[in-house]
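Just passing along the structure, written as C-alpha coordinates.
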Amino acid sequence: MKMSARNHFAGTVAEVKKGQVMAQVTVDIGGGHRIKSAIFSESVDDLALKPGDKVTAVIKSTDVIIFKD
Amino acid sequence: MKMSARNHFAGTVAEVKKGQVMAQVTVDIGGGHRIKSAIFSESVDDLALKPGDKVTAVIKSTDVIIFKD
Amino acid sequence: MKMSARNHFAGTVAEVKKGQVMAQVTVDIGGGHRIKSAIFSESVDDLALKPGDKVTAVIKSTDVIIFKD
Amino acid sequence: MKMSARNHFAGTVAEVKKGQVMAQVTVDIGGGHRIKSAIFSESVDDLALKPGDKVTAVIKSTDVIIFKD
Amino acid sequence: MKMSARNHFAGTVAEVKKGQVMAQVTVDIGGGHRIKSAIFSESVDDLALKPGDKVTAVIKSTDVIIFKD
Amino acid sequence: MKMSARNHFAGTVAEVKKGQVMAQVTVDIGGGHRIKSAIFSESVDDLALKPGDKVTAVIKSTDVIIFKD
(Lines give C-alpha, C1' and ligand atoms only; values in the text may rest on other atoms or scores of the structure.)
Protein backbone atom coordinates (compact mmCIF):
# COMPACT_ATOMS: atom_id res chain seq x y z
CA MET A 1 0.00 0.00 0.00
CA LYS A 2 1.20 3.48 -0.86
CA MET A 3 0.05 6.81 0.54
CA SER A 4 0.14 10.42 -0.65
CA ALA A 5 1.65 11.61 2.66
CA ARG A 6 5.39 12.00 2.12
CA ASN A 7 6.80 11.79 5.64
CA HIS A 8 7.00 8.34 7.29
CA PHE A 9 9.17 7.63 10.30
CA ALA A 10 9.52 4.06 11.55
CA GLY A 11 10.24 3.86 15.26
CA THR A 12 9.44 2.42 18.64
CA VAL A 13 6.82 3.71 21.08
CA ALA A 14 8.72 5.26 24.02
CA GLU A 15 5.81 6.54 26.10
CA VAL A 16 2.01 6.61 26.11
CA LYS A 17 0.17 9.13 28.31
CA LYS A 18 -3.59 8.55 28.20
CA GLY A 19 -6.17 11.15 29.21
CA GLN A 20 -9.96 10.85 29.16
CA VAL A 21 -10.29 11.79 25.49
CA MET A 22 -6.81 12.53 24.14
CA ALA A 23 -3.47 10.76 24.50
CA GLN A 24 0.13 11.80 23.98
CA VAL A 25 2.29 9.18 22.25
CA THR A 26 6.06 9.54 21.98
CA VAL A 27 7.88 7.58 19.28
CA ASP A 28 11.64 7.11 19.19
CA ILE A 29 12.72 7.18 15.53
CA GLY A 30 16.45 6.78 16.17
CA GLY A 31 19.30 9.23 15.61
CA GLY A 32 18.27 11.03 18.80
CA HIS A 33 14.92 12.03 17.27
CA ARG A 34 11.56 11.65 18.98
CA ILE A 35 8.16 12.40 17.50
CA LYS A 36 5.17 13.25 19.66
CA SER A 37 1.62 12.69 18.53
CA ALA A 38 -1.76 13.80 19.88
CA ILE A 39 -4.37 11.13 19.16
CA PHE A 40 -7.60 9.87 20.72
CA SER A 41 -7.23 7.62 23.75
CA GLU A 42 -9.67 5.44 21.82
CA SER A 43 -6.99 5.04 19.12
CA VAL A 44 -4.43 4.02 21.74
CA ASP A 45 -6.83 1.29 22.83
CA ASP A 46 -7.76 0.28 19.29
CA LEU A 47 -4.09 -0.12 18.29
CA ALA A 48 -3.19 -1.47 21.77
CA LEU A 49 -0.29 1.03 21.78
CA LYS A 50 2.32 0.47 24.48
CA PRO A 51 6.04 1.19 24.97
CA GLY A 52 8.19 -1.02 22.80
CA ASP A 53 5.68 -1.32 19.94
CA LYS A 54 7.04 -0.94 16.43
CA VAL A 55 5.08 1.86 14.75
CA THR A 56 5.32 4.39 11.93
CA ALA A 57 4.61 8.10 12.42
CA VAL A 58 3.12 9.73 9.32
CA ILE A 59 2.95 13.48 8.59
CA LYS A 60 1.35 15.26 5.62
CA SER A 61 3.72 17.76 3.97
CA THR A 62 1.13 20.55 4.24
CA ASP A 63 1.66 20.36 8.02
CA VAL A 64 5.42 21.02 8.00
CA ILE A 65 6.70 24.55 8.77
CA ILE A 66 10.25 25.61 7.80
CA PHE A 67 12.39 27.87 10.02
CA LYS A 68 15.65 29.50 8.99
CA ASP A 69 18.02 31.62 11.10
CA MET B 1 12.51 31.32 22.14
CA LYS B 2 10.41 28.26 22.93
CA MET B 3 7.41 26.93 21.06
CA SER B 4 4.47 24.68 21.93
CA ALA B 5 5.04 22.48 18.84
CA ARG B 6 6.95 19.41 20.01
CA ASN B 7 8.59 18.15 16.82
CA HIS B 8 11.66 20.03 15.55
CA PHE B 9 14.09 18.55 13.05
CA ALA B 10 17.27 20.42 12.19
CA GLY B 11 18.53 19.68 8.70
CA THR B 12 19.76 20.91 5.37
CA VAL B 13 17.61 21.91 2.40
CA ALA B 14 18.09 19.22 -0.27
CA GLU B 15 15.69 20.47 -2.93
CA VAL B 16 13.31 23.35 -3.64
CA LYS B 17 10.65 23.01 -6.32
CA LYS B 18 8.79 26.28 -6.85
CA GLY B 19 5.39 26.54 -8.53
CA GLN B 20 3.28 29.66 -9.13
CA VAL B 21 1.71 29.62 -5.68
CA MET B 22 3.01 26.59 -3.79
CA ALA B 23 6.47 25.11 -3.40
CA GLN B 24 7.80 21.71 -2.33
CA VAL B 25 10.82 21.85 -0.02
CA THR B 26 12.81 18.74 0.89
CA VAL B 27 14.94 18.81 4.03
CA ASP B 28 17.61 16.20 4.82
CA ILE B 29 17.54 15.65 8.60
CA GLY B 30 20.25 12.98 8.67
CA GLY B 31 20.00 9.28 9.52
CA GLY B 32 18.56 8.66 6.06
CA HIS B 33 15.48 10.75 6.88
CA ARG B 34 14.01 13.42 4.62
CA ILE B 35 11.09 15.71 5.42
CA LYS B 36 9.00 17.29 2.68
CA SER B 37 7.04 20.48 3.21
CA ALA B 38 4.36 22.27 1.17
CA ILE B 39 4.69 26.02 1.66
CA PHE B 40 3.97 29.18 -0.34
CA SER B 41 6.48 30.05 -3.06
CA GLU B 42 6.32 33.48 -1.41
CA SER B 43 7.78 31.89 1.74
CA VAL B 44 10.60 30.33 -0.29
CA ASP B 45 11.44 33.82 -1.55
CA ASP B 46 11.03 35.47 1.84
CA LEU B 47 13.39 32.97 3.50
CA ALA B 48 15.60 32.83 0.38
CA LEU B 49 15.47 29.03 0.67
CA LYS B 50 17.95 27.13 -1.46
CA PRO B 51 19.74 23.77 -1.33
CA GLY B 52 22.40 23.70 1.38
CA ASP B 53 20.57 26.07 3.75
CA LYS B 54 20.49 25.08 7.39
CA VAL B 55 16.83 24.96 8.45
CA THR B 56 14.52 23.42 11.03
CA ALA B 57 11.31 21.58 10.12
CA VAL B 58 8.59 21.97 12.75
CA ILE B 59 5.46 19.81 13.11
CA LYS B 60 2.59 20.16 15.59
CA SER B 61 1.81 16.91 17.41
CA THR B 62 -1.87 17.11 16.44
CA ASP B 63 -0.72 16.50 12.84
CA VAL B 64 1.07 13.18 13.48
CA ILE B 65 -0.73 9.90 12.66
CA ILE B 66 0.45 6.59 14.16
CA PHE B 67 0.41 3.31 12.17
CA LYS B 68 0.95 -0.14 13.63
CA ASP B 69 1.14 -3.47 11.80
CA MET C 1 -2.21 -2.56 9.58
CA LYS C 2 -4.13 -0.21 11.83
CA MET C 3 -3.86 3.57 12.11
CA SER C 4 -4.73 6.14 14.77
CA ALA C 5 -6.65 8.31 12.26
CA ARG C 6 -10.34 7.52 12.70
CA ASN C 7 -11.86 8.58 9.39
CA HIS C 8 -11.35 6.27 6.38
CA PHE C 9 -13.45 6.48 3.24
CA ALA C 10 -13.03 3.88 0.54
CA GLY C 11 -13.87 5.18 -2.91
CA THR C 12 -12.97 5.63 -6.53
CA VAL C 13 -10.86 8.42 -8.01
CA ALA C 14 -13.22 10.63 -10.05
CA GLU C 15 -10.81 13.35 -11.16
CA VAL C 16 -7.14 14.29 -10.95
CA LYS C 17 -6.05 17.87 -11.69
CA LYS C 18 -2.27 18.19 -11.65
CA GLY C 19 -0.41 21.49 -11.26
CA GLN C 20 3.33 22.11 -11.14
CA VAL C 21 3.63 21.36 -7.42
CA MET C 22 0.17 20.59 -6.07
CA ALA C 23 -2.68 18.45 -7.35
CA GLN C 24 -6.41 18.26 -6.64
CA VAL C 25 -7.79 14.73 -6.37
CA THR C 26 -11.52 14.04 -6.17
CA VAL C 27 -12.68 10.73 -4.73
CA ASP C 28 -16.23 9.41 -5.07
CA ILE C 29 -17.09 7.60 -1.82
CA GLY C 30 -20.65 6.68 -2.78
CA GLY C 31 -23.95 7.88 -1.35
CA GLY C 32 -23.56 11.09 -3.34
CA HIS C 33 -20.45 12.06 -1.35
CA ARG C 34 -17.20 13.27 -2.88
CA ILE C 35 -13.97 14.04 -1.02
CA LYS C 36 -11.39 16.43 -2.41
CA SER C 37 -7.75 16.28 -1.45
CA ALA C 38 -4.80 18.63 -1.99
CA ILE C 39 -1.61 16.60 -2.37
CA PHE C 40 1.74 16.96 -4.13
CA SER C 41 1.73 16.26 -7.88
CA GLU C 42 4.71 14.10 -6.97
CA SER C 43 2.36 11.92 -4.90
CA VAL C 44 -0.05 11.61 -7.83
CA ASP C 45 2.86 10.29 -9.88
CA ASP C 46 4.18 8.06 -7.12
CA LEU C 47 0.77 6.42 -6.61
CA ALA C 48 0.01 6.59 -10.35
CA LEU C 49 -3.37 8.06 -9.44
CA LYS C 50 -5.93 8.19 -12.23
CA PRO C 51 -9.73 8.18 -12.55
CA GLY C 52 -11.18 4.77 -11.71
CA ASP C 53 -8.51 3.83 -9.14
CA LYS C 54 -9.73 2.30 -5.91
CA VAL C 55 -8.38 4.42 -3.06
CA THR C 56 -9.05 5.32 0.56
CA ALA C 57 -9.25 8.91 1.81
CA VAL C 58 -8.01 9.27 5.39
CA ILE C 59 -8.66 12.23 7.72
CA LYS C 60 -7.37 12.82 11.26
CA SER C 61 -10.15 13.73 13.70
CA THR C 62 -8.31 16.86 14.84
CA ASP C 63 -8.98 18.25 11.33
CA VAL C 64 -12.80 17.95 11.44
CA ILE C 65 -14.90 21.03 12.25
CA ILE C 66 -18.53 20.69 13.39
CA PHE C 67 -21.26 23.14 12.30
CA LYS C 68 -24.75 23.32 13.76
CA ASP C 69 -27.64 25.52 12.68
CA MET D 1 -22.87 31.45 2.96
CA LYS D 2 -20.15 29.66 1.02
CA MET D 3 -16.81 28.39 2.28
CA SER D 4 -13.49 27.51 0.66
CA ALA D 5 -13.37 24.09 2.41
CA ARG D 6 -14.58 21.50 -0.10
CA ASN D 7 -15.70 18.62 2.11
CA HIS D 8 -19.05 18.96 3.91
CA PHE D 9 -20.93 16.02 5.36
CA ALA D 10 -24.40 16.52 6.78
CA GLY D 11 -25.24 14.04 9.51
CA THR D 12 -26.54 13.34 12.97
CA VAL D 13 -24.52 13.38 16.18
CA ALA D 14 -24.21 9.77 17.35
CA GLU D 15 -22.03 10.22 20.42
CA VAL D 16 -20.36 12.95 22.46
CA LYS D 17 -17.53 12.07 24.87
CA LYS D 18 -16.45 15.12 26.89
CA GLY D 19 -13.12 15.38 28.69
CA GLN D 20 -11.77 18.29 30.73
CA VAL D 21 -10.42 20.17 27.70
CA MET D 22 -11.09 18.08 24.60
CA ALA D 23 -14.13 16.16 23.40
CA GLN D 24 -14.70 13.39 20.87
CA VAL D 25 -17.77 13.84 18.69
CA THR D 26 -19.04 11.08 16.40
CA VAL D 27 -21.30 12.04 13.49
CA ASP D 28 -23.32 9.53 11.47
CA ILE D 29 -23.35 10.73 7.87
CA GLY D 30 -25.35 7.81 6.48
CA GLY D 31 -24.31 5.06 4.09
CA GLY D 32 -22.56 3.33 6.97
CA HIS D 33 -20.09 6.22 7.35
CA ARG D 34 -19.18 7.87 10.63
CA ILE D 35 -16.91 10.88 11.09
CA LYS D 36 -15.09 11.51 14.36
CA SER D 37 -13.97 14.96 15.41
CA ALA D 38 -11.68 16.23 18.17
CA ILE D 39 -12.90 19.61 19.39
CA PHE D 40 -12.81 21.63 22.61
CA SER D 41 -15.31 20.60 25.29
CA GLU D 42 -16.03 24.32 25.35
CA SER D 43 -17.27 24.02 21.74
CA VAL D 44 -19.52 21.11 22.70
CA ASP D 45 -21.07 23.38 25.34
CA ASP D 46 -21.24 26.40 23.06
CA LEU D 47 -23.05 24.42 20.34
CA ALA D 48 -25.00 22.41 22.94
CA LEU D 49 -24.00 19.28 20.99
CA LYS D 50 -25.86 16.10 21.92
CA PRO D 51 -26.82 12.84 20.23
CA GLY D 52 -29.52 13.37 17.62
CA ASP D 53 -28.44 16.88 16.66
CA LYS D 54 -28.32 17.67 12.95
CA VAL D 55 -24.80 18.90 12.17
CA THR D 56 -22.35 19.23 9.29
CA ALA D 57 -18.77 17.99 9.48
CA VAL D 58 -16.36 20.12 7.44
CA ILE D 59 -12.85 19.14 6.33
CA LYS D 60 -10.28 21.22 4.43
CA SER D 61 -8.85 19.39 1.41
CA THR D 62 -5.27 19.99 2.57
CA ASP D 63 -6.06 17.59 5.45
CA VAL D 64 -7.06 14.59 3.32
CA ILE D 65 -4.50 11.80 2.69
CA ILE D 66 -4.96 9.33 -0.18
CA PHE D 67 -4.04 5.63 0.14
CA LYS D 68 -3.86 3.16 -2.71
CA ASP D 69 -3.16 -0.57 -2.58
CA MET E 1 -25.17 28.84 12.48
CA LYS E 2 -22.47 28.06 15.02
CA MET E 3 -19.23 26.19 14.49
CA SER E 4 -16.81 24.31 16.74
CA ALA E 5 -13.79 26.23 15.34
CA ARG E 6 -12.98 29.00 17.81
CA ASN E 7 -11.05 31.50 15.70
CA HIS E 8 -13.03 33.71 13.29
CA PHE E 9 -11.66 36.90 11.81
CA ALA E 10 -13.91 39.13 9.74
CA GLY E 11 -12.04 41.11 7.14
CA THR E 12 -11.66 42.26 3.57
CA VAL E 13 -9.88 40.40 0.77
CA ALA E 14 -6.70 42.35 -0.01
CA GLU E 15 -5.16 40.12 -2.66
CA VAL E 16 -5.88 36.93 -4.60
CA LYS E 17 -3.06 35.09 -6.38
CA LYS E 18 -4.37 32.17 -8.43
CA GLY E 19 -2.22 29.28 -9.61
CA GLN E 20 -3.28 26.22 -11.62
CA VAL E 21 -4.45 24.26 -8.58
CA MET E 22 -3.79 26.37 -5.48
CA ALA E 23 -4.39 30.02 -4.67
CA GLN E 24 -3.06 32.43 -2.06
CA VAL E 25 -5.67 34.70 -0.52
CA THR E 26 -4.73 37.61 1.76
CA VAL E 27 -7.37 39.00 4.11
CA ASP E 28 -7.02 42.31 5.93
CA ILE E 29 -8.61 41.88 9.36
CA GLY E 30 -7.83 45.39 10.62
CA GLY E 31 -5.50 46.53 13.38
CA GLY E 32 -2.59 46.04 11.01
CA HIS E 33 -3.24 42.26 10.84
CA ARG E 34 -3.36 40.24 7.65
CA ILE E 35 -4.22 36.55 7.34
CA LYS E 36 -3.01 34.46 4.41
CA SER E 37 -4.79 31.34 3.29
CA ALA E 38 -3.87 28.53 0.88
CA ILE E 39 -7.01 27.23 -0.82
CA PHE E 40 -7.93 25.62 -4.13
CA SER E 41 -8.19 27.97 -7.12
CA GLU E 42 -11.48 26.17 -7.62
CA SER E 43 -12.64 27.62 -4.29
CA VAL E 44 -11.62 31.12 -5.39
CA ASP E 45 -13.84 30.66 -8.44
CA ASP E 46 -16.68 29.07 -6.49
CA LEU E 47 -16.76 31.95 -3.98
CA ALA E 48 -15.92 34.50 -6.70
CA LEU E 49 -13.25 35.87 -4.35
CA LYS E 50 -11.77 39.22 -5.32
CA PRO E 51 -10.14 42.18 -3.55
CA GLY E 52 -12.66 44.14 -1.53
CA ASP E 53 -14.88 41.17 -0.69
CA LYS E 54 -16.08 40.91 2.89
CA VAL E 55 -15.03 37.48 4.19
CA THR E 56 -14.30 35.62 7.41
CA ALA E 57 -11.13 33.62 7.97
CA VAL E 58 -11.65 30.60 10.22
CA ILE E 59 -8.96 28.60 12.01
CA LYS E 60 -9.32 25.47 14.17
CA SER E 61 -7.58 25.80 17.54
CA THR E 62 -5.64 22.56 16.99
CA ASP E 63 -3.76 24.42 14.23
CA VAL E 64 -2.44 27.26 16.41
CA ILE E 65 1.16 27.11 17.71
CA ILE E 66 2.27 29.27 20.66
CA PHE E 67 5.75 30.87 20.82
CA LYS E 68 7.25 32.53 23.87
CA ASP E 69 10.58 34.35 24.17
CA MET F 1 14.85 33.79 12.63
CA LYS F 2 12.26 33.62 9.85
CA MET F 3 9.58 31.01 9.29
CA SER F 4 7.53 29.83 6.31
CA ALA F 5 4.25 30.15 8.25
CA ARG F 6 2.68 33.47 7.23
CA ASN F 7 0.34 34.25 10.11
CA HIS F 8 1.88 35.56 13.35
CA PHE F 9 -0.11 37.33 16.03
CA ALA F 10 1.66 38.88 18.99
CA GLY F 11 -0.47 38.99 22.10
CA THR F 12 -0.91 38.32 25.79
CA VAL F 13 -2.04 35.05 27.35
CA ALA F 14 -5.55 35.65 28.74
CA GLU F 15 -6.36 32.18 30.03
CA VAL F 16 -4.82 28.72 30.40
CA LYS F 17 -7.04 25.69 31.03
CA LYS F 18 -4.96 22.56 31.62
CA GLY F 19 -6.31 19.04 31.30
CA GLN F 20 -4.45 15.75 31.79
CA VAL F 21 -3.05 15.67 28.26
CA MET F 22 -4.33 18.71 26.39
CA ALA F 23 -4.64 22.37 27.32
CA GLN F 24 -6.66 25.29 25.98
CA VAL F 25 -4.74 28.56 25.76
CA THR F 26 -6.46 31.87 24.96
CA VAL F 27 -4.34 34.73 23.62
CA ASP F 28 -5.55 38.32 23.44
CA ILE F 29 -4.10 39.85 20.26
CA GLY F 30 -5.73 43.26 20.64
CA GLY F 31 -8.43 44.94 18.55
CA GLY F 32 -11.01 42.77 20.29
CA HIS F 33 -9.49 39.59 18.82
CA ARG F 34 -8.72 36.44 20.78
CA ILE F 35 -7.02 33.32 19.47
CA LYS F 36 -7.54 29.93 21.09
CA SER F 37 -5.02 27.15 20.80
CA ALA F 38 -5.12 23.43 21.67
CA ILE F 39 -1.67 22.28 22.78
CA PHE F 40 -0.22 19.63 25.08
CA SER F 41 -0.36 20.39 28.81
CA GLU F 42 3.31 19.38 28.63
CA SER F 43 3.90 22.39 26.37
CA VAL F 44 2.15 24.69 28.84
CA ASP F 45 4.58 23.46 31.49
CA ASP F 46 7.60 23.61 29.19
CA LEU F 47 6.87 27.23 28.23
CA ALA F 48 5.62 28.04 31.76
CA LEU F 49 2.55 29.64 30.12
CA LYS F 50 0.40 31.77 32.40
CA PRO F 51 -1.96 34.73 32.03
CA GLY F 52 -0.07 37.93 31.23
CA ASP F 53 2.73 36.24 29.28
CA LYS F 54 3.75 37.88 26.03
CA VAL F 55 3.44 35.25 23.28
CA THR F 56 3.00 34.89 19.55
CA ALA F 57 0.33 32.67 17.98
CA VAL F 58 1.43 31.18 14.65
CA ILE F 59 -0.82 29.62 12.00
CA LYS F 60 0.14 27.94 8.73
CA SER F 61 -1.81 29.32 5.75
CA THR F 62 -2.90 25.82 4.70
CA ASP F 63 -5.01 25.76 7.89
CA VAL F 64 -7.08 28.88 7.13
CA ILE F 65 -10.61 28.50 5.70
CA ILE F 66 -12.36 31.40 3.95
CA PHE F 67 -16.11 32.07 4.32
CA LYS F 68 -18.12 34.50 2.24
CA ASP F 69 -21.79 35.44 2.59
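Letters A, B, C, D, E and F mark the chains in the order given here, with residues in each chain numbered from 1 onward.
By our rule, a contact is a pair of C-beta atoms (placed from the backbone, for glycine too) under 8 Å apart; a residue touches a chain by one contact, two chains touch by 3 or more.
All of these numbers come straight from a predicted model, not from anything done at the bench.
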Identified repeat of the D-F interface (over half of residue pairs identical), from A-D, B-F or A-B: A-D
Interface sides of chain D and chain E: same vs different residues, half threshold: same
Length of the line joining the C-alpha centres of chain B and chain C, rounded to whole Å: 22
Separation of mean Cα positions, chain C and chain A [Å, integer]: 21
Approximate Å spacing (C-alpha centroids) for the pair chain E, chain F: 17
Where chain C touches two or more other chains, by residue: 1-6, 19-22, 24-25, 36-40, 42-43, 47, 58, 60-63, 65-69
Chain B-touching residues of chain A, taken from the complex the two chains share: 5-7, 9, 24-25, 27, 29-31, 33, 35-39, 43, 47-49, 53-69
In the complex with chain E, residue positions of chain D that touch it: 1-6, 25, 37-40, 42-44, 46-47, 58, 61-62
Residues of chain E touching chain B in the complex: 17-24, 36, 38, 62-63, 65-69
Chain F residues touching chain A - in the complex, by the definition given at the top: 1-5, 19-22, 40, 42, 58, 60, 62
